Amino acid sequence: MEMAARREPSRPSAEPESAATAVRLDGVKVSFVIRGAAVFDAVAPTSFEVREGEFVSIVGPTGCGKSTLLNVTAGLLKPSAGHVEIFGERLAGLNRKSGYLFQQDALMPWKTALDNVAIALEVHGTPRKEALEAARGWMGRVGLARFCERYAHELSGGQRKRVGLAQVLIRRPRILLMDEPFGPLDAQTRQIMGNLLLGLWAEDRKAVMFVTHDLEEAIALSDRVVIMSAGPDARVIGDHPIDLARPRDAAEIRLDPKFHALHKRIWDQLREEVAKTYEEGAR
Amino acid sequence: MEMAARREPSRPSAEPESAATAVRLDGVKVSFVIRGAAVFDAVAPTSFEVREGEFVSIVGPTGCGKSTLLNVTAGLLKPSAGHVEIFGERLAGLNRKSGYLFQQDALMPWKTALDNVAIALEVHGTPRKEALEAARGWMGRVGLARFCERYAHELSGGQRKRVGLAQVLIRRPRILLMDEPFGPLDAQTRQIMGNLLLGLWAEDRKAVMFVTHDLEEAIALSDRVVIMSAGPDARVIGDHPIDLARPRDAAEIRLDPKFHALHKRIWDQLREEVAKTYEEGAR
Amino acid sequence: MRAASLKLLALQVLVAVVAIGIWHVGSSVPIAGKYFLPEFFFSTPLDVFQRVVKLFVSGEIWRHLWITLTETLLAFVIGSAGGVAIGFWFARQPLIAAVFDPYVKMVNALPRVVLAPIFMLWLGLGIWSKVALGVTLVFFVVFFNVYQGVKEVSPVVLSNARMMGMTERQLFRHVYWPSALSWMFSSLHTSVGFALVGAVVGEYLGSAAGLGYLIHEAEGVFDVTGVFAGMFILSAFVLVIDWLVTLVERRLLVWRPQAAVGQT
Amino acid sequence: MRAASLKLLALQVLVAVVAIGIWHVGSSVPIAGKYFLPEFFFSTPLDVFQRVVKLFVSGEIWRHLWITLTETLLAFVIGSAGGVAIGFWFARQPLIAAVFDPYVKMVNALPRVVLAPIFMLWLGLGIWSKVALGVTLVFFVVFFNVYQGVKEVSPVVLSNARMMGMTERQLFRHVYWPSALSWMFSSLHTSVGFALVGAVVGEYLGSAAGLGYLIHEAEGVFDVTGVFAGMFILSAFVLVIDWLVTLVERRLLVWRPQAAVGQT
Amino acid sequence: SAQGLEKPSITLGGGEKPLLYYLPLTLAERLGHFKEQGLTVEVQDFGGGAKSLQALVGGSVDAVTGAYEHTIRMQAKGQDVRAVIDLGRYPGVVLAVRKDKADAIKSVADLKGAKIGVTAPGSSTFILAQYLMTKAGLDPKSASFIGVGGGASAVAAMQKGEIDAISHLEPVITKLESLDAIKVLVDTRTTKGTMDTFGASNPAAVLYLKKEFIDANPKTVQALVNAFAKTLKWLQSATPEQVADAVPEPYWLGDKALYLKALAASRDTYSPDGTIDPASMKSMLDLLTATDPQLDAGSIDLAKTFDGSFLKNASVK
């Protein structure tokens, strides 16, 4: 792990303590043109900031545009209007400062799990041997030390997701984009992975955009929970700061009474929204 | 919906009230041979029954073999030892009496969402027009009436899962195998879908094998919750009957004090198991 | 859109102009006393152009073109239909595939030129012996690709379809066929050319009409201009068929993700 | 495993026996006064077999075989390397691909037989003009498949690799290349045969040695036995090359899901 | 006389060596006549006469045994290619009709509307058939010409009844005769047939080279001519049996009797002395201009098609 950190060349050792803006979406609007014909306005113009060292969760009804926003931030999708700034610079092309854990399986099927993790370092010049060693460490950290030599199709859904997690984290990117990273994991593994993530995050002030459907998880991990309305024309309709003390433990924090108050407040807003999507869709 | 029901030819109208065995795993053991070399014993000999009209949830740590058991029950994977009986008949080849919602995306990418749902009926001889109409009804029921003409890659993760759900349910199979059907859905949509499933299940005494990571969901929906131990050599280590009154509402049942007692009991067993997997894996 | 396709056209024309320019210079300007593209072997662009015009103006070409077109289309259709059918069949019957595998490969390696007399014996000197020659080229390209295409079907999608209760026929129609389509079209683009090559070589080896006959006749009297004019018409003509294939391909593969709007 | 492969071998031999049986009967037993496979055109299996033995025993064949082998391998290697390189290049440079698309297709449609004199002019009478002929066949099959293979890369895997910070070169090596491999191998199975066809046709059109020369010589004097013996040796020989390709394929594609243990 | 050869190693192009058309070449090689002259000759086999000429012009071969007509055509194209010795004085082409059509087609004049098989469009068999029709007052366009190739495919075409008549060479003709499939109308294998047709001999196979090559390598060319002259002389006195024994066994058409028959029929076509007289040059030019209107007879200087000087110096022991 230390090895990995040492190797990441673009990592400034002493970050200023001021809360610079890591990600800034400015009036970002996304419309999909469906096979050259109909236009579907997925996301209405949205502005939104994540500061350095901030952990922001995004929750919202299914299909509201969470993944779409992450794609825009990653530079994989050009917004139809508005723009994205990364550390104050306008994004054109790929966002090379972030790591992105995709919602779908994205492992290279022709590489073993270990190689899939190691390649993330090799790409940036780490010698293969060192990279493999670091990768082995990470496979252990996500609970898969015994599955290093497996190919993707020989792993269970939750195991694949964890390999993906290791693949993203090993690079220690300054911005983390995570799309339902713990979706196919059981509750306990979720908490262990949550703590792992929190630990890393605390170490070097990453900015995190974290999409989840588990509101408790969102509250337990984040500094802010952003709520999106149902699509089409989804907007940010709520932005709740989570003022729970740090450091937190992803499991224990749920016993905090403050946690429950927050949960109830956010949940009430969310439930209304989801009901709306459902009715829209069914019409 | 009625139309779909009328069309399903193999459905006996009056099932005997006795609780016949729908699925029976008898000493089923699954070992994977990994590229002709190492053997990985995923599931230790497991015996297990689901009666007609019974809703059984299977929970267990990630990678323990839940999907593997469903694959065996579906007849997609031949067990290394033991056998499967479906309605008392020994299974050889595909299990044609069940519907299976896969953990991974399994929509045909070359068909629109609507066609993906309709084809499930067309395959069994329903005329195309009727099938499309029924499919449209189901797309509405899963909240996607406006997304009928989309191809899979134009849908969000949760939307794809719901199309898959409609695809399986429209056939009204006598046995339902569901692998984390509500994984990528938000809490509220989960409950709506849960109620939809319960409604259908109550109508015609399906047997359901339901894999989930959400213990609350498992308890809220099931007659029995089966706990699997961490793999390799995973076994069934707990089998908890859920004696909550029916009919239930997936959301309201959680307020029942009995629910909480059950939850705590099962959870304690589960947590121990998960901790074990994690340590095994990390070694 | 408009502007982009105009630019593309301009670039394509530019390539043609450059190529013809090189040809012209190579065949008419000596470099160090030697022609880079001696006229005896390459003719000159202008002569070829004039000959093409003449062939069309005199109307002489139409009959030949028509015959070659018929042969090419028949070879293409029969060869690819056969390749698709056998490809699917083999992919679904692993035992048959394994048994016949070496024989298929052996037959694919037979030089078609040598087979020509046998085709003539069986099929006569009419168009069918040429079609047969084209078929032997087209068939294998399509066959190998369809065979592979079927084996590449996503296992999850396939399992899902099987669980849905699809019969083998329905699997073919709803799963294997659409999934193998992009493989098939890739092979069709190669085979269009091969169908024509087969037809022309067949005519070349024995016939009374067709573009291959024209080319052969020109070659016999060292009329390179005639040979090049024939080849030029030939290739212009394959573009038309290929364009039709592409139209069908676009139609059948609408479901594919296109490069997303503004994808970087 | 053992038993299964023995059974397979038995079935393969059976096919050969049946085919040779039909050939034998067709060429030596008259049906309604006519031979189905007249000896004049088809020789007889026994004669062909004896000739093959004689060719090997007299040692005469080795020199020819060696030349043809060299040509085939060179054509195969150069053609597929070129196809892979240009295929990748075009797939990654959509503008270049669009501009050259019609020209590639035009060239693919040129009958190779007609090009032979030009190759001889440029490359002389040695093996290289034959290699060039083989290359023009192999190249296109591989090219079209690699081009398509690269375009079929899973978009999610690709996005993931790009987000990882891969350069174009790294993408090539870690994503496009492995992903296009099964397409490539599919095309290689076709091209092995085509490389040989190219070499033999080249020899057929002008040479002093090689299997194509042998066949050509035999053909001129109605020595069908010689022609068939040549073709037989030819195809036996392509199986060896194809088997090598399959070995490499197995090695490179170990990551693919195989038909699962006991998958029904 | 190996001393002083400018280029002792020669690449020589031919069409299909086993054909009787190329017999002198095969014999010169087999009887060791090249070696005697200190020459090492590598024979390249091409898919047809036209291809070996292209190889000559392209510089891949030094000399070609091919059709005399090529030297005329090349002159028209500005290539100076010259014959140095005649090997076959008659074309050896036979025009024949299918047996069951023999009643309907009694002479060339009846060929109107017939399907005539030739080796390839543009080839010598094609030209001769057209010439004969023109001479008989028919428009060549009134028949259809079908390229049937050499070897077995030509036999197949006739046997299957795909063609009504055939204009072809040995050994196809002898094979068809032995199958009793054809009746011969015009036979230019013989002196009589050739004289009837052209009024002079009509050179077929010659040894030709580029003028530049001749000028640069006179001694080598002389050696080549010597070798061929000796072969022609040998051929005059050899019995068919001797010839058959001199060629490789595979050339025997799988049937020695058939081969001997073909040999006997072609006997006359081989030039006894290797020279070409102006009358036969003229007859060839007539043949070409009659069938190819684009060829401008006035621009051809026939004296430049044949260089007899080497033949005069040939020392045939």
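All chains are identified by letter, namely A, B, C, D and E, in their written order; residue positions are counted from 1 within each chain.
The rule is short, and it goes like this: a residue touches a chain if its C-beta (ideal position, glycine included) is under 8 Å from a C-beta of that chain, and two chains touch if they have at least 3 such contacts.
Bear in mind the structure is a predicted one, so any value in this text is a computation, not a measurement.
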{"item": "Leading chain pair when contacts are tallied as C-beta pairs", "value": "C-D"}
{"item": "Farthest-lying chain, centroid of Cα atoms versus that of subunit B", "value": "E"}
{"item": "Euclidean distance of C-alpha centroids - subunit B vs subunit C, Å", "value": "49"}
{"item": "Between subunit E and subunit B, distance of the C-alpha-averaged centres to the nearest whole Å", "value": "84"}
{"item": "Whole-Å separation of chain centres (CA-atom averages), subunit A against subunit B", "value": "28"}
{"item": "Subunit B residues counted as touching two or more neighbouring chains", "value": "32, 76, 94, 104-105, 153"}
{"item": "Junction residues of subunit E - those touching two or more other chains", "value": "54, 58, 151-152, 156"}
{"item": "Contacts with 2+ other chains: residues of subunit D", "value": "41, 117, 121, 155, 204, 219, 257"}
{"item": "Partner subunit E, residues of subunit C touching it in the complex", "value": "38, 40-41, 116-117, 120-121, 124-125, 203-209, 213, 216-222"}
{"item": "Subunit E residues within the subunit C interface of the complex", "value": "50, 53-54, 57-58, 73-74, 77, 79, 115, 120-123, 126, 144-149, 151-153, 156-157, 160, 162-163, 292"}
{"item": "Subunit B-facing residues of subunit C, complex", "value": "156-157, 159-167, 170, 174-175, 178-179, 181, 255-257"}
{"item": "Partner subunit B, residues of subunit A touching it in the complex", "value": "32, 34, 59-63, 67, 103-105, 140-141, 143-147, 149-150, 154-159, 162, 180, 183-190, 192, 213-215, 270-271, 274-275, 277-278, 280-283"}
{"item": "Touch list for subunit B against partner subunit C, complex", "value": "74, 76, 94-96, 98-100, 102, 104-112, 119-120, 123-124, 151, 153, 167, 171"}
